[in-house]
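Shown next, in structure tokens, is the structure this report addresses.
Which chain is which? They are A, B, C, D and E, in the order written, and residues in each are numbered from 1.
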Amino acid sequence: MQDVNQFKPKIVAFCCNWCSYAGADLAGTNRLQYPADVKIIRVPCSCRVNPMFILRAFQRGADGVILCGCHPGDCHYTTGNYYARRRMTLLFSMLDYLGIEKQRTRVEWVSAAEGAKFAATMNEFVAAVTQLGPNKRLEDLRCKN
Amino acid sequence: MQELMLAKAKELLQNGTVNRVLGWQAGEFVYDITPAVFESEQDLDAGFVYNEFCGNNLSKYLIKESRKEGKVLAFLKPCDTYSFNQLIKEHRIIRENVYVIGVPCEGKTDGETLKSKGVKGILGAKSEGDELIIDTLYGEQRLSKRDALTARCLTCKSKKHVVYDELLGEEGEEVPENHRFEEVEKLEAMTPDERFAFWRGELSRCIRCNACRNVCPACSCEKCVFDNPASGISQKAAADSFEENMFHIIRAFHVAGRCTDCGECSRVCPQNIPLHLLNRKFIKDIDAFYGEYQAGEDTESRAPLTNFTYDDVEPSIVYKGGKK
Amino acid sequence: MQRIGVFVCWCGSNIAATVDVAAVSEALGHEPGVVFSTNYQYMCSEAGQNIIKNAIRDYQLTGIVVCSCSPRMHEATFRKTAASAGLNSYMVEIANIREQCSWIHKDKAQATEKAIILGRAAIAKVHLNAPLTAGESPVTKRALVIGGGIAGIQTALDIADAGFEVDIVEKQPTIGGKMTQIDKTFPTLDCAACILTPKMVDCAQNDKINIFAYSEVKEVKGFVGNFHVKINKKARYVDATKCTGCGECTEKCPMKKIPNEFNLGLDNRHAIYIPFAQAVPKVATIDPNACNMLKNGKCGLCAKVCSAGAIDYKQKDEIVEREYGAIVVATGYNPIKLDDYDEYAYSLSKDVVSSLEFERITNAAGPTGGTLLRPSDGKHPHTLVFVQCVGSRCSAEGKGKSYCSKICCMYTAKHAMLCREKYPDTEVYVFYIDVRSPGKNYDEFYRRAVEEYGVHYIKGQVGKVVPRSDGKLLVQGSDLLANEQVHIEADMVVLAAAIEPDKSARPLATMLTASMDTNDFFTEAHAKLRPVESPTAGIFLSGACQGPKDIPDTVAQAGAAASKVIGLLAKDKLTCNPCTAHSDEMMCNGCSSCEKVCPYGAISYVDKEFRMPNRTTAIRRVAVVNEAVCQGCGACTVACPSGAMDLKGFSNSQIMAEVDAICKM
Amino acid sequence: MMQETLIPKLGVVTDIRIDTPDVKTFRVVGLDGKKVFDHMPGQCAMLSIPGVGEAMFSITSSPTNTEFMEFSIKKCGCLTNWLHAMDVGQQITIRGPYGRPFPVETELKGKNLFFIAGGIGLAPLRSVINYVRDNRQNYGKIKILYGSRSKQDLVDYHEILDEWMADDNVEVYLTIDRPQDDWDGHVGFVPNYVKEIDLDLDYNVLVCGPPVMIKFTLANLKELGFQETQVYTTMELRMKCGVGKCGRCNIGNKYVCKDGPVFRFDELDQLPNEY
Amino acid sequence: MKKLPVSKIQELFAAIRAQQTLYIPTDDASGQARYLPWQEGMELTHALNTVRSAKDFFFPQTENLVEFKLKGKEIEIIDSRTEQDDFVIFGVRACDARSFTILDKVFLIDPIDTYYKNRREHGTVVTLACTQPEETCFCTTFGIDPADPEGDAACWIAGDSLYLKARTEKGEKLLSALDNLLADADEGEIAAQQKATRDIAQKLPFAKLNLAGFNGENLNKLFDSKKWPELSEACLGCGTCTFVCPTCQCYDIRDFDTGHGVKRFRCWDSCMYSDFTLMAHGNSRNSQVERFRQRFMHKLVYFPANNEGEYGCVGCGRCLAKCPISMNIVKVAKALEGEVQ
């Protein structure tokens, strides 16, 4: 059993190009710190994120997956995040139903101006996942070691 | 009813309305019914059957059948009509090429269900009042029809035909008090650990025979992502517990908002995994989050996952225990 | 298998201070497919770019990864660099190791490790990149403006002014729209006709503008730059080329009891009519539902009196097909129907009128010749009550609108003020929820009504209007400020009805595949940054079809829409975004899920014949993406269950490769 | 130690020759620099890049080549694309040899041989041709008919020119489907060319190429008076194991990987038409 | 022949378990009969047979073949197999026991499948005679006697006793190690039960199923039968029949990239699947008719043609019970009867 203090979670963050990725950049520009455990994948829009990607991340050893997009109403493509919102709500509910810790998945709306919110969200999410410990319920044992 | 259907089928064949009939064919025992296309009256006389064992949902066959020459007569039970409508909506069935006759359904039974009630060596069965009299290798057994019902029929959502060209028998009603979410609620009430243990126990039996997928009227993809090496998630056998989860989660997600809850997935699962509980969870969530929606009820409405409202619930609702 | 080059940028010390760039380029050099890896102080500098160009040539690179600042900063730069060295610019991926790594981490070991992982993810992605070429499509240098109100007129004039042809399609016999019915305009009180009719004439006389009045759009096909539109020119039964608009026919027509739409049914017109004196085109129109000749074949008087011989009872609707590069929607608004508002006795008493009806009553060209008279008995009213927000800002479901109709506060102030000015003997009351007057000189205008003209503003709502047998209207309301019930015996009640989009907007939106909100207002591409464009490329929004607007706002938006159209039409070719969705027809089910979530209407379906095993063929419905219209959001890719729909540049396999690389132990 | 059939051996690619725009020939030896295993002409081997795929390829080089094996591979899928993109020095995995070879030491020994190949179909026949040439004394007359879409698509063109055509004991006929500027040889499809060649009926024929070519060639051979018992071909179906157990490459009760890939046409005739 | 009181069966299990892993057919948490490693208190199922066949023991649904590590242009091959421990499968029915001999004819002929062989050598099969066959049973068609099952050792539960008989060296070894629990018995003690079972077997619906003529001689005639399209019409193309079948042995070999290496594994495959024979440039069995035909031709014709008339079916009846559309080998055989007689 790994010591919780030593456990460094792997976090995948999907960020939409127009708001959240820019928000992440702004966090960088303002030198706002958040753990290096977070790795960002740029997608055009939150609606590009397929549930497959999220499961894939868990399979490959991610301990938490967070999806960031424009605030509802601000989508660069007008409606993308509304679809993402429904898809993720249902997916997360299903994961919870299967007994997979719901705290490992999250959606946050982060605008291009919210560098501080981005950093704060990441800090909080990493802390929450660290608290949970390693992902055991959706791991693929073949990908370990 | 079987006689009525036979007569109707022959009439429509004779007058050229249709050139073939999609129905159920009798098997070796009473319960091993096979969906079949009958091309002539002789064929019909030789094997056509309709009874409490005719559970197969015939809608999916119409994807293929409606693309053939001529018009096909399809006998559809109430729950089959929902699947049929959904397939019409998704442009999978060519409506003009199908003559739909709605047939009533009092709930179905099958060999597995009878065996689960302790009946062994089933040879034949006949219905007498509220009872099924089953002839077995080890003597005659009686079972009340209610007890013989398959699990999915016990929570039947509707005895109404949502689409037909003609109806045989009385039109039924929707069944609002169907209690079909009770099992889902039971699971929701468990702790995550219990739920995890439950689903691991169930899904670990999966042999990836694809029966659930191949029978599912909503799973009518030209090529399934799980069969497509280019998709990056193709798999043939679930080589790891993750892959068991993956297949069933993604499959349920792909049919979310499109699944009519016909229950075929659980019926055909050789390992008796209650797969319908995954689909029902989505149905229940959709009803709760976005308003009641019954896939297949109509051919126009937007499916919940291709729709939205500005004030939809946030995904964080999941952390709040699904309460709005 | 690609041949990949990796270029790690120091960004001076911005990256190099926290990330061991040498270690990064060393580590990434061992990744599969990487044949060249280096680091340099400033990759974006000319020298840095030359390193990239040389490596592309020397190592026959098929893909490059630049580990540097955010792609939002220099992706375009490095794409150009690649292109200038003969490498497709979409074979470039950026690993953001500055904003998302060196600037946010202090621990050099951690930052270096993360930079390597980000680099690996970019390498994994570039392995699956394919060269993309931006497509081009030609632009038809003509615009279509749907709706000939002030919005459409202004847009058309501005576009024509830039030298492009414009067609206006107006469903009424004349252009001009709602503004023709208005008497005075706030806040300057100049006469609407005086400022509008010259513009109408300008339209008629401008040889770049072609007016299809009494016409409707029937079908829209195509996409930005290449719309193909069918316009139905309804039969007027009058040859517009011959009619001089002399009005002889309308005088003589025996069918004269037809409610006059222009005056909102407050008076009558003939079966053959010209809506008003300044109509453009000034051509008579026969109302087929009223004309005895057309209905029963008896009469023919107008043909006899027409010296120009313009009457043609045999005229038929005519379909005109035209090509356009851009379409402007200017379908405007209508006041809502008030028939359901029994609490205000609208359908019970003739003296309860809508604000637009009031405009006609006070208009010199209106049914009363501009004298304020009660519709019921033609007497001069002494007490007038104006009720604001009728049907606007309703929270209840069912009747009414949730939004603020925006213009009512100001026109009610205008009406009240004009009443008091022309008829100082009147008492004027205005019931309001709030008075909203945020335009230039608007609040001053409203205050003049209260302070100079003595209009009684009562904050509160009217509960009931009861017509009394003596012809008075008993108005029961509440005064929230005085906290008391108010009872007013009024001679007339004017309801400021909410406005809603024209009914024709919804079917039009479907034809245009332009999105609408739940109130049937057209949605703009971005609420702040692209307020006059529809998300559907090539469709622009002008005036109240996008949301309630007064005239100044409408004209401003009309001009803005025109400038966007001009910008589009000025191009000879449109370059498309190559990162578009693409459907693999072999896997497509034709289920329409993708089409439903596409905000741009970029997806259509065709029935396609496929070769099947055993030498048979099958026809299947498959999705086709119009790459000129697709903006590459990817919503369709997730809606597609079979995975037939994928997004170029952000494909399923590319994103999963990134996921794999990031999560790798 | 028992022979492991499913665990491959390592090979290293020591040379890559570009034959045509979509065919490359790879030279493979074991890590010790020697041949990975011995084989007979017509036999195949499973080549793989782990993680990319594994597929069956016929061994193009002759068993008489004792230094290395060669594989001529056409680019047509995931694995072959990968193989085409690799550089010399790349390691690959290899297992085999699989299948029944051409009966060069039995039925064909001492016979006149007529080789007919189309396109990449030369790959398996090249092994036989060179085997026969290297054991020239054991065989009668040899004719080779080889055709392809164009001159650029002729596999092993240089070997054909420099060795086979230079060999007085071998008659070589080349053809391409359509005329082109730098070609003064025969133009036309292989099956038709068969009828133009002066041919006695005492030849055994070995034919390999696209299914359509084989079909018409066989028909024309029969028309000329050849019996099915004189004609051999080599089959290709989907394979996974290579040892007749995974269950997919059967035609009737015969497994192509084990009972084939070489079949005589009278044998094929006995089998259901499912290939 | 040996015996012990049925009441002492747990002691027997414990004694076997003390030496090696023991699998018995038992009801799992959801009530499905399946083989599970015996633990104290675990009881035999009352079901006639397990839902899945017993082939998993020797030919599991997935198994790793070999691993690779890739670095630059280099590949490392790692045989990660470990030595198989000895195990006993108890309670195998006669049909499933026969399936092992059929699988042997695939995997143990040259070239031998070492993975299968390794498991087979370490496994001891203890069969259990049937007493109440189901209507779907037709093992007798293949000369299997449900009352006298094959295996390394066979068992009968008759009355209060469990009778055991060793049939092979492995069986002898197992029983002799259990000698202190067992008493001697006479074969006559089970004769009545055997007769009763055989009597029922005679009366089973498919007792008279006739497979005469299903052999290599009629291969093309059967292949070309016009009945195939009709028979396969409703087939969903799922793999249920193949995966519940004790003798279906087709497999696929796939690579899985773990991120730090490649695991090459084999897994069950089904000839019913559309991609089974799919190649980059075509598919030799394009439609479900051909795929369906392949399965039944293989069991009823190709396999006997290559194996001295032995069919690739043991009559366990699983596919009859489990096929979603109730199409099965019996219906196929009956439909094709006319073609060969």
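We take it that a residue touches a chain if its C-beta (ideal position, glycine included) is under 8 Å from a C-beta of that chain, and two chains touch if they have at least 3 such contacts.
Keep in mind it's a predicted model, so treat the numbers as computed, not measured.
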Touching both chain A and chain B (chains): C, E
Number of steps on the shortest touching-chain route linking chain B and chain D: 2
Chain of greatest Cα-centre distance to chain D: C
Of B-E and C-E, pair with higher C-beta contact tally: B-E
Farthest chain relative to chain E (centres taken as mean CA coordinates): C
Whole-Å gap separating chain B and chain C, where each centre is the average of the chain's CA atoms: 44
Length of the line joining the C-alpha centres of chain A and chain E, rounded to whole Å: 46
Whole-Å gap separating chain A and chain C, where each centre is the average of the chain's CA atoms: 35
Centre-of-Cα separation between chain D and chain C, whole angstrom: 66
For chain C, residues contacting two or more additional chains: 597, 639, 652, 656, 660, 663-665
Two or more partner chains touched - positions in chain E: 70, 252, 256-257, 259-260, 269, 283
Touching two or more other chains - residue numbers and ranges from chain A: 51-52, 56, 60-61, 73, 79, 83, 87, 142-143, 145
Complete list of chain pairs which touch one another: A-B, A-C, A-E, B-C, B-E, C-D, C-E, D-E
Of chain C, residues touching chain B in the complex: 518, 586-593, 596-597, 605, 618-621, 639, 641-644, 652-653, 656
Complex interface listing, chain A residues touching chain C: 10, 12, 17, 21-22, 24-29, 31-34, 36, 39-45, 47-53, 56-57, 60-62, 73-74, 76-80, 83, 87, 119, 143-145
Chain E to chain C touching residues, read off their complex: 70, 72, 257, 259-260, 283, 286-287
Residues of chain E touching chain B in the complex: 28-32, 34, 48, 51-52, 61-62, 132-135, 200, 203-206, 230, 233-234, 236-240, 242-244, 252, 254, 256, 265, 267-270, 273-275, 320-322, 324-328, 330-331, 334
Chain A contact footprint on chain C (complex, rising order): 70-72, 96, 98-101, 103-107, 110-111, 113-114, 117-118, 121, 515, 523, 525-527, 535, 579, 597, 599, 631-635, 637-639, 647, 650, 652, 655-656, 658-660, 662-665
